[in-house]
Amino acid sequence: MSTVAEKRALICFIAALLKGCNHVAVGASSPIPGTAALLAKEAWDSPRHVNILGSVKNNFLTNGGQELFDCAAQGRIDAFFLGGGQIDGQANINLMGRGEYPSCEPRWPGTFGSAYLYFLIPKVILFREEHSKRVLVDKVDFISAPGTSDENIYRKGGPYGLLTNKAFFRFQKEKARFHLEFIHPSSSLEDILDNTGFEFDYKANTLITADPDPELLKLLDNKVSSKVKEVYPQFSHSIFKRD
Amino acid sequence: MTISVQELVNLIPYGTKLAIPADYAGVAMEATRALIRKGVRNLHIVGVPTSGLQSELLIGAGCVSIFESSALTLGEYNPAYRFSDAVKNKSIDLVDATCPAIHAGLQASQKGIPYMPLRGILGSDLLKHHPNWKIIQNPFSQGDDPIVAIPAIQPDISLFHAPLGDKQGNVWVGRRRELVTMAQASKTTLVTVENIVDTNLLDDEKTAAGVIPSLYIGGVSVCPKGSWPLDFWQGDTEDTEHLNLYKQKSRTKEGFQDYLNEFVFSREHS
Amino acid sequence: MTISVQELVNLIPYGTKLAIPADYAGVAMEATRALIRKGVRNLHIVGVPTSGLQSELLIGAGCVSIFESSALTLGEYNPAYRFSDAVKNKSIDLVDATCPAIHAGLQASQKGIPYMPLRGILGSDLLKHHPNWKIIQNPFSQGDDPIVAIPAIQPDISLFHAPLGDKQGNVWVGRRRELVTMAQASKTTLVTVENIVDTNLLDDEKTAAGVIPSLYIGGVSVCPKGSWPLDFWQGDTEDTEHLNLYKQKSRTKEGFQDYLNEFVFSREHS
Amino acid sequence: MSTVAEKRALICFIAALLKGCNHVAVGASSPIPGTAALLAKEAWDSPRHVNILGSVKNNFLTNGGQELFDCAAQGRIDAFFLGGGQIDGQANINLMGRGEYPSCEPRWPGTFGSAYLYFLIPKVILFREEHSKRVLVDKVDFISAPGTSDENIYRKGGPYGLLTNKAFFRFQKEKARFHLEFIHPSSSLEDILDNTGFEFDYKANTLITADPDPELLKLLDNKVSSKVKEVYPQFSHSIFKRD
């Protein structure tokens, strides 16, 4: 499976996860989730509202940088994406850096809004293409945002699942543990066990991720590509032929 | 009533607590270069809610003692080598926050209240290291309900680049309303603008809706393309070539010094 | 995508906690008359931060059980006889506040926080009677530093009149930004507008700065002169003659009933 | 002294009180203070900023109804005016109603922003034309906003003085008591003592309010009248001849 095909498959996979949402917000430098959200809107008019942060044209927020966070706190954002330099088996994420804070090495940009949005958006999809023991660790070095919270903590949202270029894990809130749900065709259970730094639940007969629906791919090429080009010009160049 | 960029940065003394916006909201890069030329020191930067090349340059040039923000990111041009170096060498103090907490701290200052409570954050290691945040009990809850209290952040000065100003000293920022919050939260605000219009921006209700009134503004300087080499939401897109050059040069201290010599110290645009 | 005024008010059930703006910010008077015709009851009005003729009519017509605001004023046409009567007869419950506390309560709801601390108020008799406010200690102060905690006010619905809407469901409110706060603080928002434009109001950055995005809007109705007989900041001035007539009629219960019969029940504008 | 001349004298008196301010805010239905602020700006460019609330044209606030209060809390408003159905000798004001709350009779509109602005604006000028024992009482029936606060209360502002159509009292914060400073030419000490419901300090030789400066009156007629006409059309009709 080529990288282009893989990316297109991830887009379709994410799009399906967003079905049923009313409002999906996506970070500016998240072309795969962003494209997926635009595709889902085109395919099912669900999400009805897609907000690409940092973009002028595809961002309908008008109340300044604070609005995204207020909107999440109001319960008006249904799904969002977070990544992380490290993600551990309890869905804790680390965007701060490796090693002991504050002298991280490397130091990554910082926590952004993760320490907040992870608590307030019902469906947070952890998305990180690289599937390795370097990224998927047993314990993150710094908790930018915790995957779970005690009962007394006000928490309306949290991790829904973790998508990589090898697999999709569903997060089990009660157990605070991932469950392997789909293995992408390019990978295998052994490959995943070898490259995952945390323990997770799985069945021997874990399903292989289905190939993307050809109709959805057609829609992506015919209807969504022009919008993607506006928002993510370089990325669009890499996944659409007729550029 | 406008002043030169040089005069504008002369209003920013050593040790200023300086609020600056994220890269997408209008960064006063030309003023930043003037600030480095002037040799300002001990800035306490507040990146609202994140910062990018502007802080990277100021940190690399030794102008910063405290960096308070939710991230320092160059986007596609990451990593920020000078920032990383400063973190490694502990040559700056970090106040790492999360975006809504930066906004909430400024809004508390805007409203003249000592703090604002904020959901989330509990369980994040940010809380262990932040020097000012406190966990308090929600006074309206019967049961145990901890919530984080974010104290007010009052910058001495906010500095940014905006599309338009007028002769009355009003500044148009459109829907970049975090700039309104910054201006109201700060003791005063300095702005570079692309252009000064002849009419009063408040006379037309369409533009009035996006105006920061002159009451909050301490100085305006006309500075076309003032956010170069970053992109500007009401102007040029980023100078990709230059940003790639920066990335190359900034890998080493010496390369960074070369960059400053060529693009900051040898150039006076105003 | 617009609906009739009748359909709009059908979205407001008995017992709704309804936020409405002050007279200067765009009052949906035509919708208010439709609401009275519909016979709604038990409204909990939140006047942001004050209210006027709209609440006076709703109270006089028996639609209101709780009036929460900082004032009910008819300006030059004071006193508000129906309001005064209701206060005297204790036929409505009063939640008397002060303007910034109404704003702060809505902003707390907007930010999803349980309360916002607010300076002032201490020593006012408002504090003795308000059912929800609490005095707490400022957690960042070493010494005794009481401050009032204003709990979030989350209306079920905000209702107002605005100059423009578009076909995507966006609404332009210009610099009447308390309407933005109201919309974000409420579960949903219903709007009457003077006019629907053909373009998307977000496409032009000038108008975008004053837009409430469709995400927050639950229904829009086209209703030219929808704030009659009150003045509208982007439209007609008040109908002085009519307001004087109202003042006369409303002195007595019977006169008020005549007024309703003539100007509310016998007229269906949409 | 005619009513018109009296009002014009009050305008000039207030204007002088505003000299030195940077920003003065005035309520929409306060034509005398509003005219005074516009006159002071014209005469001395001080206040530099005059904000007439409720007006579209003469209101430069752009952040909604909350901005006035935020602006006061930021220390960016230097002077403001409050009135009251009752004002007592400790400068407590009552905008709620006479009698026992909540069943006041009459009930007045309500407290508006007074319970806040009185604490935060350094120079609050109490202005009420009617000078009677009905208005100037020993103890207000309802404290909308208190004139003074204990030491531990955060308070940056408060009453500067009380102006009526008979006199001007300066408020003495330490003593929480008014001091009679000027008696308007149309009144007398006896008249004031007869018509004031609270005790206050005074000297036997209290000064008579000086006649308004003719230059200032000229400015009012020639330069300020057109602006006043825009904001307060009916009031302007009553105080300017050439209407």
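As written, the chains take the letters A, B, C and D, and residue 1 is the first residue of each chain.
Throughout what follows, contacts are C-beta pairs under 8 Å (C-beta built on N, C-alpha and C of every residue); 3 or more make two chains touch, one makes a residue touch a chain.
Model, not experiment: these values are computed from the prediction.
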Q | Chain labels contacting chain A and also chain B | A | C
Q: Have a look at B-D, C-D or A-C and name the one that copies the A-B interface, over half of its contact pairs being the same.
A: C-D
Q) Does C-D or A-C have the larger number of C-beta pairs in contact? A) C-D
(Q) Centroid of chain C to centroid of chain D, CA atoms only: how many Å? (A) 28
(Q) From the mean C-alpha coordinate of chain B to that of chain D, what's the distance rounded to whole Å? (A) 40
Q | Interchain centroid distance [CA atoms averaged], chain A/chain D, Å | A | 59
**Q.** chain A, residues touching no fewer than two other chains
**A.** 56, 61-63, 67, 69, 73, 120
Q) Taking each residue of chain B in turn, which ones touch at least two of the other chains? A) 111-113, 118-119, 145, 147, 175, 180, 205, 208-211
Q: Specify the contact topology among the chains shown, as one of line, ring, star, complete or other.
A: other
Q) Tell me, which pairs of chains are in touch? A) A-B, A-C, B-C, B-D, C-D
(Q) Quick check: in the complex, which residue numbers of chain A touch chain B? (A) 28-29, 54, 56, 61-67, 69, 73, 95-97, 101-120, 142-146, 149, 152-154
Q) Touching chain B in the complex: which residues of chain D? A) 23, 49, 56, 60-63, 67, 69-76, 120
**Q.** In the complex with chain D, residue positions of chain B that touch it
**A.** 109-113, 170, 180, 184, 202, 205, 208-216
(Q) Residue numbers of chain C touching chain B in their complex, please. (A) 104, 111-119, 134, 136, 138-141, 145, 147, 149, 151, 173-175, 205-211, 234
Q.
Applying the document's contact rule, which stretches of chain C touch chain D when the two form their complex?
A. 21-22, 24-25, 48-50, 69-73, 75-76, 78-80, 83-84, 87-88, 90, 94, 96-101, 103, 107, 118-126, 129, 143-147, 175-181, 233
